[in-house]
Every structure is written in C-alpha cells, then in structure tokens.
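Listed below are the structures to be examined.
Two complexes are shown next, each including chain A; its partner changes from chain B in the first to chain C in the second.
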Partner chain A sequence: MANRTVPRLLQTPAVVLLLFWMLVPLSMTLFFSFIRYVLNNLRRPEWTSPSIENWRGFGNYQYVWNQDSFWLAIQNSLIIVCGILFLTVAFGIAIAILINRNFPGRGIVRVMLISPFFVMPAVNAVLWINMLLDPVLGLQGIAVAGINDIISGLREAPLVGGFFSLWPEFSPISFRGAQASSYAVIMMVTWQWTPFAVLIFMTSLQSEDQQQKEAAVLDGASAWNQFRFLTLPHLGRPIAIVVMIQAIFHLSLYAEIEIVSRGSGNKNLPYYIGELVNNNIGAASATGIFAVILANIVAIFLLRMIGKTLME
Partner chain B sequence: MAIVAQQTKLSKILWPVLAWAVALIIFFPIAYMVMTSFKTDADAVKPELLFTFTPTLENYANMTENYDYWRFASNSIITSVAATLFTLFVAIPCAYAMAFTPSRGTKDILMWMLSTKMLPAAAVLYPMIYMTKAAGLYDTHFLIIMVLSLINLPIVIWMLFTYFKDIPKDIIEAAKMDGVNTWGEVREVLIPLAWGGIASTALLCFIFCWNEAYWTVRLTTTEAATLSKLIEGNRAPEGLFFGRLSAVSTAAVGPIVVLGWFCQKQLVQGLTFGAVK
Partner chain C sequence: MGRIVLENVQKTFGEAEVIPPLDLTIEDGEFAVFVGPSGCGKSTLLRLIAGLEEVTSGAIKIDGADVTQVPPSKRGLAMVFQSYALYPHMTVRKNIGFPLRMAKMEQAEIDAKVEQAASVLNLKDYLDRKPGQLSGGQRQRVAIGRAIVREPEAFLFDEPLSNLDAALRVGMRMEISELHNKLNTTMIYVTHDQVEAMTMANKIVVLQAGVIEQVGSPLELYRTPRNRFVAGFIGSPKMNFIDGDAAEKLGGHSVGIRPEHIDVVEGGLWQGRVGVAEHLGSDTFFHVHDTGLAETITVRAIGDVSLRHGDTIGLSPRMDELHRFDAKGLRI
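Here is the complex of A and B:
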C-alpha cells in the first residue's frame, strides 16, 4: 500500500495550513469568550491581559445577549442580507432571461453586465456613497436639485402654476446616517452581486430543455406560464445556490458598512464585533461565536447541497 | 399565427434595445467614475459639466503626489502575486492527489476545506491581531500573503479538483508505466494538460486577493497597506476631491475589471464549487 503514502503526503501541506487557520484563532476566540478581558481598564488592570484566572463562564454571552445593540446588529445583518438576496435574485433572473437569446452586440452587453462584480468593495462603496448618493454633490443631489428647479419654474407658469405650487420641495436623502445607511449598502452590494446571479442563472438557462419549451409554445402556453412552469422550476437549484453563497459572503460585509457610515449608521454583526474589539475582547469574542453559529446555520444547508453533486 | 409573427417582430427590436438599456444602466457607475477621473476637482462637482467637459490627465499625473498611489499599488501587486503563487504551489499537489487517487475520505476533506471558507472573519479578528502583534508579523507583507493564501486555498483546491477530475486517468497511468515519478507526472503531464484550467484559477485567485478588503484593512497600517486600505482611508473626500479620487479608484480597479472579463466562465464554476453546470 505504498502508493497511498504519496497522495497523503501531497495533501498534507494544504490540510495542515487550513487546520491551523481554522483551529488556532477560533479556539482563542472561544477561550477569550469565557474570560474577562478588557483592554483599557484602569480599575481592574488584571483584566487587561488574557488569563484563565479571569474566568467568567457564560458571563460574556449573557452580557452580549442582553445588549440592545447586539440584537440591533443582528437585525441589521439580516435586513441587509435579505434585501440583497431578494433584489439580486429578482434582477438576476430578469436579466439572465433578457440576454439569453441572440441579439447584436450580445458579447459587449455581457462584458458590461459582469463588470461591477470585479470592482473592489472599497471602491464600490466610496463611489456610491460619494459620487452617486451624496445629497449635495452626488448624482442624487444633482438630480433632486434639478427636479426642484423644474418644479419651481412650473410654479410661475400660467394655468398649471396653481397645481405645481401645491407640490413640496423635494429634499435629498442623506445615506450616511441611521436607517438609510442600510439602504445604501443594499444598493451598492446589489449592484455588485447582480452580475454574479446573472452569470449563474444564464449558465443554468443554457441547459434548459429546448424541446420541452417548443412543445409548450405549440400548445399555446403563454410566456408567463412558460416562465412559471418550466423556467422557474429549472432555476430552483441555482437560486438556492445563489442565495446560500451570497448569504455567507454578505453576513460578513464590513468594508461597505465602514465606508458608508463610519459607525454612525446601521451596524451589522461584523462591524459591531469590530467596535467591541477596540476594548471589550471578552464580549467581542462571545459575539464572534454567535456569528459563527449564525453562519453555520446557512453553511450546513449549502454544504449538504454541494456534497450531493460533488462526485458526479 | 399572425399575432405571433407580429410579436416576434416587435420583440426583435424591443429585446435588444431593452438588453442594451439594462447593460448601460448597470455599467453607468463605472463609466461615470472613469469620466470623472478626467475632470479637474473643481469641474467634477459642477452639474452643468456632467457630460461635457475638457478632459485632463492632471489627476493621473498627480496620483503619486496626492495619494502615494504606487506604494499601495506595489503592495497590492506583491501580496496578490505572491499569495496566488503560494496558493497554487500548495493546491496543485493536493488537488492532483484528490483527483487521481481519491480515497474514501477525499469527499469529506473537500467538504471540510470548503467549510473553513464559511467561517466569519470577524469572529477571529482579535486572535489574529493578538497573535500577529505578538509574533511581530502585524503589518508585514508575509502576513498578508499568508492570510490571502489561506482564505483562497479552499476555492483554488476546489476549482483545480474539478478540472483535474476531467482529465482521463489513463494518461497519468501511462506516464507511471514509463517510470515517471510523481513530481514528473505533475510537471510533465498534468500541468501541460490542465494549463487552461490552472491559468484561469490563478487569475481568479489573483482577483480575489486584489479585492480583499477585510484582513488587508484590519491587519495593516502602513508598511503592507494595499489599495483597499488606501481607498478605505479616503472614504469621505467631502466632495472636494471627486476628480482625483476617481482617478485613483479607476487605477485601482481598471486592470482587474479587464482581467475579470477573461474569466467569466471560470467564475461560475469557482464560486459555486461546481454545483451549477
């Protein structure tokens, strides 16, 4: 059985590296989550370094669990992820169907559609929050100012002036703070990840049974019914995959949140952990363990699905 | 039948128009950024100069002066290239062994590798800061290269595995008969045969490394800071510097977007782990 050794040896470096990467930091997080560990504490200097003597049991978990900000962060994480998922799947299906036939310039259209996916997240966020969504200097501000100008011009106009003087002045939305920052993040990430959904749905559409489709057309099935009863069931599996892969990526969104609001807007779970890391390591670690649990709920389903097709 | 014919005639014109319109809308933010990069900072915020302006290369000429662009860019290049090479170096033998001599455990190992990718980075942020500071590795190229390699290793192994699986086993067997050793098999048979797959995997790995924005921001300060860190540090230009910020952003994403066009197909495979065909 000597030829078993060589393959094992070849796999060893990768396995060891990943084992280290998975186990060492995570077990440290686990340990920190059970002790009192606060970086800046003049009153209790013994808590500023990690030690088993500061054992706190589930105290950190309890502390985090009772924080409103923790639940708000979870809520924001879920709102952002669900918003992005819904929009990318809806746009993704629509656009995939739209470009899944031949027309002039299809190659260029594809290239334009895929481009946002390769823009680095930091640039994506800076571009959107400043140049597109800024309430004064961004396109949003310019557009709102333009509309207001037109309306105030119409107020002076004869006949219709009375009607338009009833209209309010529109005011641009500031996306940097509070609730609106989530919407900004949803917008920019949807823009970035719709191409991903389009690519996957398009790949899948190309394997759709054309004969079945032709038969449906001959039977006089409407376009909607063809979509509803043939295309949508065919896309079931790709939709599930798009949803789960994106859920895992977007549960750990960080750069976008940081750039959009610098903490003055809605925080998601990774951002909340990032803030706790500046001081309360115990609580940050407990929150991290909660984040792992949340991600695992999604990951189990995804892995099971991938595992089924793996050895085909 | 007449109605059907009319519909198809209408949709023959309407369909491409709609597709083009959608593509242009989606591409618009990138086009707008590139356009703004050729305006002066003063012109960039004037609504009347939105589409008509005198282009200038001033922003690109001053990129080094304004942002120290090349220091960050060279960090990005060094870390991304080195991480890609190191990842391939570890992944190729591993995927080779998994594809050509699979055992009962292979599937489980692959699934486990994938699960490491699903661990939320934020959960292990502090241990990483703590360990790397203790080891004197914080803000070094070495650290960023290792982290980038580790986060991309599962995807790269997975992609290579799906490519290698499609190579007929007989070819490798034949090489074995000729008395070629394992390293020889990899170098003389596998790499030439799977060259296309390896190249596109490498390209995708490079793109992911380049765009990474969590660890590169949180584990660097100045020495090993990449372009993500540079852009993140200039997140709020207060509207004064749209021109120069667009130029540095365009320079940071332009090459990658173009590279990305060449690996669309592999992207589907790489990101869905072969689950969508």
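Here is the complex of A and C:
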C-alpha cells in the first residue's frame, strides 16, 4: 500500500486540475438550470442575478422540453452529424484507395488533398457559401446559368430541339434558405474533414498485408470481393476512430451554422443554446444538460461499436 | 491432372534479369522442390507459375493449355504462402471456405467440404477461432486447408515451414509428404533448406541466380551432382573441396568428397589435426586442419569416436566416391 502513495501524490495535480476543469463548469450549469436566471427583465429584476432564492426546480427543463425548436435543433444536430460522418467515411475510403497506388505526382496530390483541413472553419464556410454555393455569383449560379443557356440553345436546334423544349429551366438552389441550409453545412464540413479521414485510412491501407490480397486473388476473389472481405474489415478500426473523433467535433458545430444562415433551417443544439444565452441563462443551461445527455448517448453507441472492432 | 511446362520463361524487373530464359517440366503428380540460396529467384519462379507475376517472355502451360495470359484464379492452382496469408477477420471455417464461396458454391456443400478438410488436417476443434488465436502450426494447417478444398491441379508452397520451430517443421514436413501421397496431386515446393528438399522431393530443381543448375531425384543429385555448386549445396554437412596441386594428383581441377565418404583410420592417406569435434553420439563430426589439402576437411565418423581437439587424425578417402570437376566447375 505504502509504495502507492508516491505515484498517487504525483498524479494529484493532474487529477485536481481535471476535476476543476470539468466539475466547476458542469456544476455551475447544473445550478443555473434549476433557477430562474435571465440577463434582462425589467419587471422581475431579481431574476437577473443567479441566486438560490429563484429556485425553479425542473421548470427550465419543462420549458425547453416543450419547445418545438428544441426538438428541431436535436434533429438538425443528428442530421448534420450523421450526414457528415457518412460522407467523410465514404469519400475518405474511396480517395484513400485511389491514391494508395503509385502514380506520377502522388506526393503533390497527397499534400493538396490534405490542405482543406488547414483552412479555418469560418473561412471555409464563407468561401463555400459565397464563392461556390451562391445562387447568383457563386460557382453554382454560374454553372446553372450556363446549363440553362446551353439548353435554350438546343431548343432551337433541328431534330433534338423538340426533345429539349420539354425540359424545364433549371433554377439554382438557395443554400441560405431554410430548406437547404443543412445541406450546405454538411457539404462544407465534409469537404474540410474528408482529408482527415483520407489521412487515417491511407496509413491503414499501407499496413495492409499484400500476401493476403494475393491469396485472395488466387482464391478467385474479384476486386470488389477483395475490398469487401479484406480491405473493409481491415479498415474497421480506423473507421471507428474517424467516426468517434468527428462525432465529438461536429456535435458542436457553430461557425458554419452562423455564417450559412444564422440558424435558419440548420439550427443545431449549440446554436440553439447560443440563442438562449442571449437572455435566458436558466433555459440555456437546461438545454446544455440535455446536450450533455445526448452526447453521452451518442458516446455509448460509439464506444460499443469501437469496443466491438477493437476486440477483434 | 497437373503437368506444368515452362518454355523459355524469362523474368526481368526493370533492368535486372532475375530469371534468364529457362525450360522446365513438372510431371503430373510429382513433388517438385525448387531449392537454392536466398534471393536466387525461387519465389519469383513460383509466382510466375501462379500468375502473380507476369512473364517477360516465354510460355507457361498447364496440361498442354497455354495459361501465360490466364489470370491467376483461372489457372486451377492453389498457393500456400510463407506468411500463411490467412484472412485475419474471418474464422478458420470462413478462411477455408473462402475460395468455395468465391466460386459461388452452395453453402451446404461448402460446409461439407470445410468439415472434411478440417478433419484431414486435425482442425475440427478450431473451426470457430480466428487466425490470431492459433499457433504457428495450426495456421499453417489452415492455409493448407484453404488450398486443398479447391481441389486444385497443383499446389504451390513458398517456404511454408520457415516460420515454424525446428520440431514442428519436421512434423509438418511429414504431414505435407503424407498429404502428397494421399492426394497424388502435383506439388511445387520452394525452400532454401536442402534437407527439406532431400526429404520431400521426387524431383529437385537446384537454382542459382535464376539459372537451373540441375534437375533430378534427390539421390541423383547426391550421387552425381552436375557441377560444383550442386555438389556443395546438396548434402549435409557440406562436401569438402580440394583445389590446386592436391586436386591435380587426384585427377581433377578441383575434387570434392563428402564427409561421410572419408574414413577415420590409423595412418590413413591424409593426416591432420582435429579442430572442432562435434560429438552427437550416433555420429561424430571432425573439422580437421593442417591436411595440406584445404583449410578444413570435415569428416563424419560413425558412433562416438574419442578423438579430441588437437589430436592427430588419419583419414582415408573412398577413392570411388570422389567427385572431380574441371576448370569450369563441371563434373568430369
């Protein structure tokens, strides 16, 4: 027993720091979530300071629970995170496999592929929403206008003109609008985070056993079956890691939401909390606790999944 | 059926010619062993036959059909790799059944064949384990099982025993030989270990730097090696070589004699001093110096001969067992 004392003592500063770092904000949030606490209220000025006198019980939770916008925020959070995860993993695997072979200029291609990861999220969002997705001035607007021009040109053409005159005029999608703003976020974050997935999958592919591949070739496995039965299981662990790390990051997306549409149509949980914080700290804290619970549910799922792949 | 013929097969990697054009025939049902020092192109030759490497020129025929352009999976060959190359995420059952599954065989039929292969190879208790949970010898058996379920025209083995410990290696050597006797399928076996070659082969192909030095049965190679390289490579301990004037007196540019063909006698033809003596009980190996013939002459004496380091020893070579070679190293 005695010889454990020294290691314990040495660990203490780190443990204490961690406890403070995690526990203090968490307990403050918990406390605020059970009291009435607003920044501005002319009629009830006593609510503007955090005090146990203003105890509200589960009132804040009830209030948030009954807001449609709260459920919409959870839904948006999940849609955005799942969309990004699916796309980054799919693109990540495809690109990693493509660049894992030898071709001239491979080094440069790899560096260029990684570069989106080094762009600041806010800059990334501004670039995408203004230069690429803008329905008039962005690449999207220009491309749609170009296609429409070509089609209207073809309407005049002999023979095929009749066919093309049935085609409608394409109209560009407004990604700042409520219908598509989530997709805009998914797109830009996918672009930014696919390199991360590629990087991790690429290192894993390089450690893949080539003799297993050759054995599979001799066993009559097609390229698809080699991918399905050898490469994909081999990538199981890196996929789990990519999913976990990204899930943690993307549950807290904020800059992209703000820049694309200020939350219209894509308001996720952090953004929703951010709006509440403008005045109602109590409700914001209650939402924060809900967010912690949601993150834990997601984490349990992920840990189960990763635990399963790590066991193998 | 599995008669494999190589005609003028050549392989170069970029500038380097690893296999100069060579011809070779392996008859149906034969156990052929490619043996040679490390890096001499044995694996490359095997991979050419398997189709994992493309020939630079020449033709490969299996049962008369030209398969040079046929993809590996269509050649009807099964290969066992040095690293076993088992599929780590699949159970033993799935591993063995994999080639059948790829051939779109019925599941019931796959199960039956896997069971059968597993009972031949004593793997029944391990069918639901993953390769990571098996010992080296068991993995080796799984790799062989995966090869036999396909009922191939020929088996290709690339140094399958080199990752096993010595005792296990002897056991597996026997098992593979027995498997060959039972299946009577052509087998091509690559090794750098001449003991494996001698004990298992019907036909040994000795390679050096991609060139076939000699093809023959183990005893042919032992008795009448075609050149100095084969003479030195086959047999353990290695043949003694005598060069220079001493060799001229015995009738060759150089002369070889195997350790087991020199008798230890009082006042023999040659005299020397014992260097290292290895007493194995059944045999004793003497490394003899100062004979005036070569740096060291190795001698095998039957039984435990009680000569020690530094003793004078008399040697009598059996003159009819001498191997004489000319200036080019060819047998006279």
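Observations, loosely collected:
In this text, the second predicted complex is superposed on the first by the 277 of 312 C-alpha atoms of A that agree within 3 Å, B and C clash if a C-alpha of one lies under 4 Å from a C-alpha of the other, contacts with A are read in each partner's own complex, and residues count from 1 in each chain.
Here, a residue touches a chain if its C-beta (ideal position, glycine included) is under 8 Å from a C-beta of that chain, and two chains touch if they have at least 3 such contacts.
Please read all numbers here as calculations on a predicted model, not as lab measurements.
In the superposition on chain A, A:257 contacts neither chain B nor chain C. Contact with neither chain B nor chain C is seen for A:64 once the two complexes are overlaid on the shared chain. Touched residues of chain A, counted separately for chain B and chain C, are more numerous for B.
Legend: residue contacts after superposition of the two complexes on their common chain; A:73 is shown touching neither chain B nor chain C. In the superposition on chain A, A:87 makes contact with neither chain B nor chain C. Of the two partner chains placed by the overlay, only chain B lies in contact with A:299; chain C stays clear of it.
Of the two partner chains placed by the overlay, only chain C lies in contact with A:218; chain B stays clear of it.
Looking at the shared chain after the overlay, A:229 reaches chain C, while chain B stays out of its contact range. Once the two complexes are laid over each other on the shared chain, residue contacts for A:25 go to chain B alone; chain C is not touched.
Across the complex, chain A meets chain B through its residues 3-4, 6-8, 10-11, 13-15, 17-18, 21-22, 24-26, 28-29, 32, 50, 95, 98-99, 101, 103-106, 108-123, 125-132, 134, 136-137, 139, 142, 145-146, 191, 194-196, 199-200, 203-204, 207, 237-238, 241, 245, 248, 251-252, 254-255, 258-259, 262, 269-270, 273-274, 277, 281, 284-285, 288-289, 291-292, 294-296, 298-299, 302-303, 305-307, 309-311.
Within the complex, the chain A residues that touch chain C are 209, 211-212, 214-222, 225, 229-230, 233-234, 236, 312.
Chain C contributes residues 50-52, 72-73, 77-79, 81-83, 85-90, 98-99, 102-103, 130, 146, 150 to its touches with chain A in the complex.
Chain B contributes residues 15-16, 18-20, 22-24, 26-27, 29-30, 32-33, 36, 45, 47, 50, 90-91, 93-94, 96-98, 100-101, 103, 107, 109-131, 149-150, 153-154, 157, 182, 207, 210-211, 213-214, 217-218, 227-229, 231-232, 234-237, 239, 242, 245-246, 249, 252-253, 256-257, 259-261, 264, 267-268, 271-277 to its touches with chain A in the complex.
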